[in-house]
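One chain, chain A, appears in both complexes that follow, with chain B as partner in the first and chain C in the second.
Take a look at the complex of A and B:
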């Protein structure tokens, strides 16, 4: 399973209640209201547990966390493509 | 109505599923109290480290969102008595604060010798926001899991005002008294930054702007607060802290503590608030629109973590609100009968 799919699954299950309707890989979670401030920290918690990483406060920026593509790119930079979950 | 056999979430809660034993999907994902205790300790240590790093002389160490309810009162006590911080408590008077909560605010800030500021935006604009918040679809469903639409509007106004004030006064911490059920542990201590808050702020405040235009913009973050290098710019974004999330939560102990400094239980609020009259009406509207109680998620979290028994949780959610208070709010907001 690729990173985009893993992230999409989490977002759809936890924030869209199973209906992924119009969620594109580039859609901003925050601007579209899919995720609020508390939700971003739930996403961070998921990434830390699932991928064994620590997300530093200075990494809590939209460039890293505000869309499926941004999260996937951030994870790839952080853990490399070898760290993909199965 | 079917409820989770472990917590109190109903079958009408968004996205919920039950296993064969009737446990909800949120309880199935819960990692257990030992793991939570370790995580709480990590966040407490992070908070103590931040206190060392942000030590300043003269100015306030923290702004505290102070509703006058028991949780934010206890939070003020902790900051002052346990951590010795110089704080400024800030209250939004939205026109529906219980008279007893107003007295409590006065008694508590005097007893703790804490500086206090009340903001009171124009009544018409606020009423328009609260009345407008009753329309379905103002906020995404995720935001409505934890609070009613009216509560979301109110909290977003408070959050934006506190961030703006912290930046302008160069205060390093903004503190809330959310219970562990209202705010997840991972949100208990974190550093905000301009780019993230800029994105969040649009979603938080656009509904308010849609309802009253720029009428309340004096209370909200502005573009200048996000600008790099400006006197009130991006490097002044504060830490957000929810001490009750990492300190453990015992409602009875909190009540005993705050009563000792002169806090008195209001008799006119609903079973889930100790400061706000608007809450009874907001809960009724939410329940009717979405089919679940807006406090169900919070209470379920407290039950799951062992801070409250399931029976206590069910009682809190099923205790009827005072009809006279609901009617008072309804009329003040200018609505026809809402049943």
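Take a look at the complex of A and C:
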């Protein structure tokens, strides 16, 4: 399963009650209202647990966390694309 | 031409307008005999109580002081001074026992202790948002800051689930105050007067069925700096005017700016006004001296907070009108 799919699955299951709807990989979670900032922190906890990373305070920026693509790119930068436990 | 002066009031005329509104509500709509108001020692309740006295007379206003063990002691002191200055009857109801009975402190402290194992309940703590809202694009997250008996501070970011659990505990404070206010109001056929101002209302900075649980909101149309203008006109005591606005629900003092808004009210009010009225960013920039990107960040934050709290400003949705 690729990163985008793992992230999408978490978002759809946790915030959309399983309804994928029109969620595109580029859609802003915050501006589309899919997730609020508390939800982003829920996502952060998921990433930390699933990928064994620590997300620093200064990494809590939209560029890293505000869409499926941004999260995937952030994860790739953070830990590389190889050996991800997905 | 957009100008900060748009928030300037004629305080005498505004006080009269609100006073008329209160009389209309209490006497003709609710058909009650007076108003109960929670006196927190802050500027909003000071202004509302002053205008209630103007509208109804001091004998028809009952003040309630509702402290708990984590309230800043100066709040009660200021509230008492102000009630004495107005000459209204005021009752103190310490809500600590109520909170204990709901295990509010115990449940909340267990969460804090899981983050800081040495935390023993004698430490003070508060929660803040990062204060660089205007300076960089970032996502809001809460940080807990503890202070031990020796004054040593420690801090850690709170997870989403811990923040929800702590909030659920903290919100009990306002909800128990609401219950007390209705008890005292109903037994003498008074209304409960609220103290929510416009930035709080617009941005959802109040507790549903807590401080938002009231019969009327006499200053919900006023920006905070307008509340200050009225406070000076009405003769609110200087100590209350000078203190920093605070939710006063954490043992370690924290301001509204640190806890929720991330900017001073002078900036917040004019930006909220501009946001609400669709003023062009260039005009806002010219008047405030803020850079366009700073204003855009503020507007994005306003929109996010408004979205997250939309339900506070509505009756519970139902199928009644469908």
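To be clear about the criterion, the second predicted complex is superposed on the first by the 84 of 86 C-alpha atoms of A that agree within 3 Å, B and C clash if a C-alpha of one lies under 4 Å from a C-alpha of the other, contacts with A are read in each partner's own complex, and residues count from 1 in each chain.
By definition in this document, a contact is a pair of C-beta atoms (placed from the backbone, for glycine too) under 8 Å apart; a residue touches a chain by one contact, two chains touch by 3 or more.
Keep in mind that this is a model prediction, so the values were computed, not measured.
In this superposed model built on chain A, chain B and chain C take up the same space, so to speak, and clash. Of the two partners chain B and chain C, more residues of chain A are touched by B. Shared-chain residue A:45: touches chain B and chain C both.
In the superposed model, A:5 makes contact with neither chain B nor chain C. Within the superposed three-chain model, A:30 lies in touch with chain B and with chain C [touch as defined at top]. Of the two partner chains placed by superposition, chain B and chain C are both touched by A:62. Chain A uses residues 30-31, 33, 36-42, 44-45, 57, 60-63, 65-66 to touch chain B in one structure and chain C in the other.
Looking at the complex, you find that chain C touches chain A at residues 130, 136-141, 143, 157-161, 163-164, 300, 303-304, 307-308. Partner chain C is touched in their complex by these residues of chain A: 30-31, 33, 36-42, 44-45, 57, 60-63, 65-66. Those residues of chain A that touch chain B in the shared complex are 13-15, 17-18, 28, 30-42, 44-45, 57-58, 60-63, 65-66. For chain B in complex with chain A, the residues that touch the partner chain are 14-15, 139-143, 146, 159, 183-184, 186-187, 190-191, 193, 195-196, 199-200, 202-204.
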